[in-house]
Amino acid sequence: MKMLGLSQRDTTFLLIVVFLTLVTPILLQPFPEGSGMATFNAGYPDLMQRFAIFGIFAIGFNILFGLTGYLSFGHAAFLGVGSYSVVWMYKLLGYNVVPGILLAVIVSALFALLIGYVSLRRSGIYFSILTLAFAQMSYNLAYSVLTPLTNGETGLQVYTNDPQVLMGENSPTSPHFFGIVMNESAKLNVGGWEFTFNNGYYFCAIVAILVFYLSLRIFRSPFGLMLRAIKTNQTRLNYTGLNSRPYTLAAFVISGMYAGLAGALMASMDPLAGAERMQWTASGEVVLMTILGGAGTLMGPILGAGFIKYFENIFSKINDNMLHQWFAWMPDGIEDFLIGLSHFFVGKSWHLTLGLLFMLVVIFLPGGLVEGGQRIAKAVRNRRSKGDGAEAQTQPAE
Amino acid sequence: MDAIILQILNGLDKGSAYALIALGLTLIFGTLGVVNFAHGALFMIGAFVAVTLQRIFNLSFEQIDPTKKDFLGNPLKVEVPYVEAWFGADVGDWLIDWSVPLAIIFAIPVMLLVGFVMERGLIKHFYKRPHADQILVTFGLAIVLQELIKYFFGANPIQTGAPDAFSGSMDFGVLLGFDPNVIIYPYWRLVYFLFAAIVIGAVFSFLQFTTFGMVVRAGMADRETVGLLGINIDKRFTLMFGLAAAVAGMAGVMYTPILAPNYHMGMDFLVLSFVVVVVGGMGSLPGAVAAGFLLGVLQSFASMNEIKSLIPGIDQVIIYLVAIIILLTRPRGLMGRAGVMEE
Amino acid sequence: MGILEVKNVGKRFGGLQALSDVNLSVQENTVHAIIGPNGAGKSTLLNCFVGKLIPDTGSVMFNGQSVLGLKPHQINQMGISRVFQTPEIFGDLTVMENVMISCFAKRDGAFRMHPFETVAHERDIVEQAEQMLTDVNMIDKRHMHAASMSRGDKRRLEMAMCLAQEPRLLLLDEPTAGMARADTNNTIDLLKEIKEKRDITMAIIEHDMHVVFSLAERITVLAQGTPLVEDTPENIKGHPKVKEAYLGEAA
Amino acid sequence: MSKSNFTRRGLLKTGAVTGAGLAMPTIFTSGAMAFTNEPTGDTVTFGFNVPQTGPYAEEGLDELRAQELAIQHINGEGDGGMLNTFSSKALDGTGILGKKAAFVTGDTQTKSDAARASAKSMIEKDGVVMINGGSSSGVAVAVQGLCQEAGIIFMAGLTHSNDTTGKDRKANGFRHFFNAYMSGAALAPVLKNAYGTDRRAYHLTADYTWGWTQQESIQNATEALGWETVNNVMTPVGAGDFSSYITPVLNSGADVLILNHYGGDMVNSLTQSIQFGLRDAQANGKNFEIVVPLYSELMAAGAGENIKGVYGSMNWNWQLTDAGTQAFVKSFGEKYGRPPSGSAHTCYVQTLLYADAVTRAGSFNPCAVAEALEGFEFDGMGNGPTLYRAEDHQCFKDVLVMKGAENPTTEYDTLEIVEVTPVDQVMYEPNHPMFGGDEASLGECNDGA
């Protein structure tokens, strides 16, 4: 089966991604409500939205870093610009997200064009530091001097006395897509389980599927081929009559637009834009997501984004009360020991767990989480083929 | 004029810290080709060696002082440090007072050890891996190290003072022929600057005048060739990593009286030290030092009211602005070599 | 009028006069070799043709147009392809993809934004690349990772990439440097085959006399940055100046 | 059509019970509940959203300790703490409206985004009815806005910016902590007594909203005394080394340095100012003085002996001698072995006040709770008679002026209380220009239905 100009393999792949995205609210809710493990459920709207949004951010970043090898340390600047654009549109026009998202993509493209044009005059670490410098400048200014535009530390938000010229009598008073209000949900209760189907999540998910499809097309296109060629040997590319600069610039702008879109969606789910969205730690986060998942692979960045966001939002919430509940059935001494041990890893120490996992993944899975998946798949396939006595020939990628 | 001299002094002081961190970072870049995101953490560990020593000297037993009450109204327990009980109040007090300079003695072996363990246990396996992997693993390590420090020392800044003899300030202006009380400068900052100059000088002499240094410099220039000569470069690189860690650690120890150490100080310095290294030029030790001082001084000047009133917010972005200008006019920073980390 | 006309080219690096007063004319459809001892300036000269270096003096005309000041990719688009001393290929890509990139460069020029087409659907490019790989006997390796091939195959692939562009001038920078004798002979055969099958001009920089005399129709001898003599292989062999400057040294 | 809709865990729990019995899928859509997260089971969940990582982590952990203690007292465990001294007797130690109080915790990381993510997860996943805590004004404003949209009550933790109950005030948000204006108003008379009316002040100000409102407030208050403001210099947040901002001070003609810094910035700027000899210096024939408008235990511990003799202000301190304070310090001290910090007190009191308001209102509906809190006057919570003003949801009570102790006996009494400034002196109009003027409005109370 082939669809939308994709090969059969890619069509299957895309369909799997679409399916998984649509059933995420069910998949991420594996434990019944009220059970001790319910803490590990991630199927609530905010986190699912974040998975989709950071997935988009990482997919876009991967187009630059994964394909061309240019490591930008300033992509958070575009995220911030996207968010500010959307909130400004709320303030000026009204709560429909469409004008804001369009503006965000355009503004971040222009911003990326400017920063990319300058930064791409250098390569390697010099490029990284140039992008970092631009983003940090944006952050520092947004936090302080540009407060009239960004509302500084507090974050840009909508006030009741903002013009909002397109707001009608009955318009929703929170972000919506032509009347579909983002923070509305439908709930499904089956047995002890509850599933939340949130408008905002599905909006993000559909956008994410669209941009994932675009990135799939870019990966398979001659343009994508050129970008991969830049990563492996730029000298040869130039001596083959190809000008690498416009290719890298195009990749930079496209990934900047993805970041702007992600920022726009953040503000579409939650009408606030803070300056720290532009800080180097935010730029670093997307780098980590991409490498952790597997740079240059299609699924890797999305996995990486999900991994980091899961730890940030789930592990940080585990507190002593829960630990006591979990370990209550154990003898006192062991219980105290386990709780003491857990203090290193959960609650206020969730960073430590994340740091350790970064190290473990990169040490044991050089290709990132995707490699982990491939290894499992291979092991399963080998076992099966042994059983069948059939040959397991890996097909080269087209 | 006096304002400018003061800002130059401030800049040199800031620059000393930048230069010391950047020096170690460049040694690791240049010799091992590793992007070490855990370098800031080494600086932080150094600072906490000082904190730990101070804590050890302050280790106390409790004596009940019936004349005073604690916050719950019970008789107050007064802590008496063991060192005072053992060596007498004078020596004990002196030890506590001088714990920061004394920490240098402890920091060197501790940091060398930390460096060796890091290099042998982890970094070694990443020489041939892509820079992206190095970033991920060292960043992970940095997080782990700082969280461990947070676990044991808490998140608040911990005041770790200079010895009383150095905690005041001197009238520096008089030395230069100014009126008294015009240029006042803290003793410890002058000590820090001298210390930085000595460490930088020592590292350069070490690389310049010893065989070990010669091999390492050759290794920085062309690792393969040196390897072909049958020289065991690996062992030397391990030592080099230890040395870089020790430089960062000592910088951290001496910085504690200026900046009360906290667990995230490494991350705060990390980005800045990368900017310094790259502005200096990849693989160039003099470049790193020069860039450290240059950015320090420029940052100080940008903080002057006269300049801030002309360009609001310039002090917040000056480092990045200068970095952009330098990298655009000089493709490899101040003194970088071609082909180092350009892919 | 040759296809490549070099007039009075000079290049200085600091205190070293690398090239001085180089005049050279490569005629269409010939194999022209540039030889000379180490440090004679062969590579410097070649770099002046491809845009890596700009000479201080003189002119380099290709097909009647100056190449000076142009970027490597612009010069390549004019019809000059280059083979490197150590093969430069796209190691992370497959053999097929390597050749396809050349085909794209030939068809679409230095830059074309085509993010939504699909490589596999570009019938003409796929066919061209397959044809090229068939020509150089590598069609069975087309799915291999380029980096995992032997050095000889890499050299062959690099040639295929250059030829796929149908260049008017092929520059070869010591194509057999560091090769074993058998590989060298294979390369010579490959080059001969190319020469027979296609109308192509080649300029070879070479150290190995065996290669030079098996292939070249004209030879320029370079010494200390300046051409000593230019002639046919037969005449060069017996030329006293050459013997003195180069062959004598080697013997 | 309902406006917003968040997860209703309480209902779902009951739904789960029946659902499990019948094994019948049930679908809920918007508007199925009276208000957001209406608790229908036998527990009611509070969300404690505090910084657990980053520079204010210790403060956040102390807030958590206090909140946990408050929950115990509400549920009738422990010695009851301030419930014994609280003037309202609605709470009887049997939970709230017959439900046991429970809590979930989250990490704000002192970042607006992370704080909102954490708060949202509490609202959507854990079904909390209120969120309490925090250690920065930016975070407080961000989370307050979120709670307003979601339709639950927000009680801010440590937030000192005028904006929280000024231009960013919200109908669903309440603040027990004092603010920058109050600090200025409380400090001014003390400064006048100590340093006279002929002083020239030099301000170093953290370059973000809290810093600005703090600076504006103290400048107004001191200029009203007759002080002159020589200069106000913005310093980057987290600058670390303030030397280049400090060196110009001595030769500027100023004789007082006011450090509008908080946390680590204040520890460093104060320490460094003293290293640069400012405290020992003479200017205009007077002793040079340093003032730190906002003190906290975090800063006092970090700055060590450098705070000796330096004036500042605080919301509350454990050394107060009223019955409420003593009860709280005893209860907290016995449980955790240390006296509570000011922000811990705020979070503790707010938890009790919320529970009390619910009980008095007889409902968890945020609008009913807000109504019960608006204009509420009480005593016995450590600060003397206290008013939650209806117009801006700011709490009005006495403010403490503190000074770094000359001879501290333990690590906890490095600050001493100089004066308790009566509430009348720190009062202001709800439409005061520093608080958004006439444009500032609470908006409508939102219960999420």
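Per-chain residue numbering starts at 1, and chain names A, B, C and D are given in the order in which the chains are listed.
The criterion applied here is as follows: contacts are C-beta pairs under 8 Å (C-beta built on N, C-alpha and C of every residue); 3 or more make two chains touch, one makes a residue touch a chain.
These numbers come from a predicted model, not from an experiment.
> In terms of Cα-based centroids, which chain occupies the most central position?
That would be chain A.
> What pair of chains is linked by the most C-beta contacts?
A-D
> Averaging over Cα atoms per chain, report the distance between chain C and chain D in Å.
74
> Using the average of all C-alpha atoms in each chain as its centre, how far is it in Å between chain B and chain D?
35
> What whole-number Å value describes the gap between the mean CA coordinates of chain A and chain D?
33
> From the C-alpha centre of chain B to that of chain C, how far is it in Å?
52
> Could you tell me which residues belong to chain D and also touch two or more other chains?
If we look for residues of chain D contacting two or more partner chains, we find 53, 57, 207, 234, 236.
> Multi-chain contacts in chain A: which residues touch at least two other chains?
As it turns out, chain A has residues touching two or more other chains at 140, 144, 351.
> Which parts of chain C, given as residue numbers and ranges, touch two or more other chains?
none
> Show me, using the given definition of touch, all chain pairs that touch one another.
Those chain pairs which touch are A-B, A-C, A-D, B-D.
> Mind listing the chain C positions that touch chain A in their complex?
50, 71-74, 76-77, 81-82, 84, 88-94, 97, 100-102, 104-106, 108-122, 125, 143, 161, 165
> Which positions of chain A touch chain C when the two form their complex?
5-7, 214, 217-218, 220-226, 228-229, 231-233, 235-244, 246-247, 250, 254, 396, 398
> Hey, which residues of chain D end up touching chain A in the complex?
2-9, 12-13, 15-16, 19-20, 23, 25-30, 52-53, 57, 60-61, 64, 103-107, 111-114, 116-118, 120-121, 124-125, 137-138, 141-142, 145-146, 149-150, 163, 167-168, 207-210, 234, 236-237, 439, 441, 443
> Quick one: in the complex, what on chain D touches chain B?
53-58, 207, 231, 233-236, 238, 240-241, 243-245, 247-248, 250-251, 264, 267-268, 271-272, 275-277, 280-281, 298, 301-306, 318-319, 329-330, 333-334, 339, 409-410, 412-413
> Please name which positions on chain A make contact with chain B in the complex.
It is residues 65, 69, 71, 118, 121-126, 129-130, 132-134, 136-137, 140-141, 144-145, 280, 284, 287-288, 291-292, 295, 343-344, 349, 351-352, 354-359, 361-363, 366 of chain A that touch chain B.
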